[in-house]
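Structure, as structure tokens:
Chain lettering (A, B, C and D) follows the sequence in which the chains are written, and residue indices restart at 1 in each chain.
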């Protein structure tokens, strides 16, 4: 994909072990298997130490970007997370959410540029909670960690990102959350223009990255743009633009490293189908959207339903078949207790002949 | 289609997309009036404009949009012009602005 | 005995300084780090605004340097200087009665503005690349086909805080106009778009040329800086900008994107300045003693400046300044 | 006695066809006239206007008085052809009557009387007269030939470039009279008779040519003569020679008060086909003399319009300065015709257009006198300030209609052909004037003035140009400018001079403040500044070229200051000269104590 290796100029230190894990507020709802998969992969497959601390809270980034939470408040919240990490004896902070990652980067950078704000935060934290804190030795997004171990994962791969029948590499669209590196290009692997964090995983695991014109474009979440219903048309227009731009490349799936992006690129496909009658992907069944943890999970041979892939709006079965992954169609909508968990509306909406709709029984 | 009403629709892109816009008429206009291409966007025409002082009519902007193939509404905008000719007297590039108004109307109004 | 003056740099400025010195009865020596004289003018195709072949100017200067019997040291890099001596990288030390610094400038590396995809996508090139293509007589896309739509982007590496180049490189605007016209001559059917922030036509005949490019060549000038370039499925480049005069974002695919790269200060200016106690401007270029009565003098007696070492300049301005610098240096040496 | 021979056939057929077509055309045009025009004609018929029309037909269609004014030689040429031929026909008819009394003679009998009258007794008086008139016509033909080669002798720098049909008709016309001379001379050679021309030539032929060849020659010559006539007559209704017949009804209709308007009408056909394409309109056209544009002048405009291939580029490219109108020997209303062509090509009625006028009123002040600066005057603030000074000095209470910006008077749009939309502006302004109850409307822009006077419905409001108004103030003693020694020259704005007939008032005002020097082209012949709003085709550079030419003539007077009375002329001339250009109001205000 990237003919020249300009991304190599943007590298960063990623700790090898002992991570303090900060979860995302919203991912548990959309892709509930992802964070679990990350913990499992790190702890079981890679044998790393990771603390999933029940005491940590939301970073309040959504509130911050929606002008509800003031800067001083969010700095104090961030400081509390760090304090919890210190207390647990960890110093490598990893966060599951891109928004949070951006927030942590921004707060650390602000403290660095304006030391008086750090002092004030210490004061505030002490006043509010009686706590003190030390800044983390390293800060990384969990996709950075996954990238860091991409070769180890490749070595354990049960499946590769190749078409099991033809042997061709799968075409993968990678989407990086805006707050990953667009705020601080140096904070992301590969910088903001040619980020390599997901591309590196895809290439290591046998896939081919699609470089399409709107690759850098925002998914459309944009906080205020989605949260206010009147602005949602603008939000969906951005996803629409991206999907239109990637469609000619016929990607096999999309992978994202941001909670909102993965959700919007997935769910908006259904909405666009309802609104415009346009469906993307082969035979119009939609382009499956994975999180990088799900992608890694599939590569490592995790059960698709254990990864929570049934929660996606766009059916992932065509992708599973391409990769040659075994799965039980009957178990798709059964929870871990074996009970029916309900089913999302199909992203394929009355827009193509029914015989072209992917039939999972075949 | 649109079986469900979501309370919003996909916003139309505001971008001027030169890959999609049909520049045929714009090319015809520039062929007939090549001096229009010398506009440097100073806005003197719009500042002096008799109609522009009474409405939101912006001659500079409208003809620039037309040159980019954005014809939607240009005819109606140009119809706000009273053709008084003050703009022609102030144009530092000596563009025949009145001729431009009539040319754009002729090309976009198909007469 | 003849006075001896060391001219650092064998580009247009250096050669003209040396020629003038020789004319004044002084013995110049040119120290050039490249294996041959010519500097940045080598590889340039034609010069604005008259479309004079660069080769013509270069050949004349080289021939005259040769005919005047001026001593030339090539492949000799200067690592330090003082008013009466110059130290070379190989350890040699040259002595003279004064020094003229004519080390010129460095072309901005377009790959730093990585959002434009230079060095990453095919069909994104710089103005310098285009000149080379003109010289080679083969201007085409990477796949050899003729471009149907060409975009020029002005101010790449100029007036851009993001790459620490606040200054205006002065000559890129007119170069963009010149190259756009050359492209239109080569490909009359092609649409040419110039994306600019300001058009600065500072010289005689430049504005006329700009107007000609608009009216006669139908070159589209769009006021707005391209924000990013991305490849399209058919190997073209999609660019995005704001058409600020309509207040609307603008996007389009082009077959060729030409980046008009600016001039930046040489990296070794800092070292030379520090060694000799010379002042530098915030742009990194050398600062003349003052901008009016001493614009070819440095703040150190015996060290003089000629050409783009102090700021971006056109060839004509450089030649004039070289003459002035030579006169000042000769006067200093004679005193 | 029979008045028929086979050679008459071409003539008979040609003449019949011509009369049929001309009758059909006239009939159709008259039939299609609007009702009120038909009523005008009916009401006018029994009045003295008919007599006056007959007089004008004689003086213009036959004698070509107006062309004499352009150039005597050119006038003589046209007169010799028209009047000479008329005399030949008339005398020929009398001759027939003299020979055989009042009895029916077919047309060819009159025309070819010489051929049929060989057996009759000679009447030398008629022979002499007929030869004299033939010589008269032939002299015109000779001049017409000469004009082809050297038009300057007749005061024309450029002549019309003719189309093929015109060339055929022209050639036929040129051969008619030499052919007649030859035919009659051969007949004289064989049968005697004729006077100094046909008689002498006939005698010479009889001496030098045998009888048999002469008889063959006679037959050929009469056939040729008849054919030339036939060909000319067939070509006439389709060529420029249609003017011969069309000018006559045009004169009558005009006398009865029928006029062209901003919308095309059937009456326009009379005007369009009355154009003889003499080309007199080409020389005064500054687009031609300064810019070398030579395919848009009135003669070409009318030709293109007549044949239905008028292009917008031609219709648009005219300053409408009216210089050609002044010279037109047929008095065709060229500007109005051009205007209604533009209207047909461009007018798109749009009810919603200019909806933004609703409720708009930016006027200020109060008074019985309203001042409408006009768009262009807002770009010449010195004029505006001068007017303010003048009003104040005269103690006039003034209502300022558009000092803070207003709606254009509508004339520029009308001149561009969008007449229906222009009416909206006119209505808006007229309503505004009425609303503020003014009794006098002063404007310093002749463009506005013309449209106020001609198109606005302003009962009870006197419309004055500021030159008229200022003169009135001076004469009433309300303004007392001091007469200085400055030498002024005056540029007549087209819309003020030729357009509104105001020549004397500005001159009188200038005389009140200084000395007036007239430029070479002045009053009716004054040049146009080149920036006329009527022209949307020429470029800025071309406007400047015209302005330079005009300024050159004004500077040549040696005056200190160029004065004009139109903001647009002032702007335009200012670009053509380095000297001082002032509006009339400025010099008056400057001369006030």
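Here is the rule we use: a contact is a pair of C-beta atoms (placed from the backbone, for glycine too) under 8 Å apart; a residue touches a chain by one contact, two chains touch by 3 or more.
In this text, all values refer to a predicted model and were calculated from it rather than measured experimentally.
Asks: Looking at A-C and A-B, which one has the bigger number of contacting C-beta pairs?
Replies: Of A-C and A-B, it is A-B that has more C-beta pairs in contact.
Asks: Roughly how far is chain A from chain D, going centre to centre by Cα mean, in whole Å?
Replies: About 83 Å separates the centre of chain A from that of chain D.
Asks: Taking each chain's centre as the mean position of its Cα atoms, how many Å separate chain A from chain B?
Replies: Centres of chain A and chain B (C-alpha means) sit 44 Å apart.
Asks: Taking the mean of the CA coordinates per chain, how far is chain B from chain C in Å?
Replies: The separation of the two C-alpha centroids amounts to 38 Å.
Asks: Scan chain B for residues touching two or more other chains and write them down.
Replies: Those would be 35.
Asks: If we use the touch criterion from the header, which chain pairs count as touching?
Replies: A-B, A-C, B-C, B-D
Asks: How about chain B: which of its residues touch chain A in the complex?
Replies: 1-4, 6-13
Asks: Using the touch definition from the top, list the residues of chain D that touch chain B in their complex.
Replies: 312, 316, 345-346, 348, 350, 353-354, 356-357, 360, 375-376, 378-379, 405-408, 410, 412-413, 416, 418, 421, 425, 531, 533, 536-541, 568, 571
Asks: What residues on chain A touch chain B, complex-wise?
Replies: 229-234, 236-237, 240-241, 271-272, 274-277, 349-351
Asks: Once bound in the complex, which stretches of chain C touch chain B?
Replies: My answer: residues 191, 199, 211, 214-216, 218-221, 223, 240, 243, 245-253.
Asks: Within the complex, which stretch of chain B touches chain C?
Replies: 14-19, 23, 30, 34-35, 37-38, 40-41, 60-61, 64-65, 67-68, 70, 93
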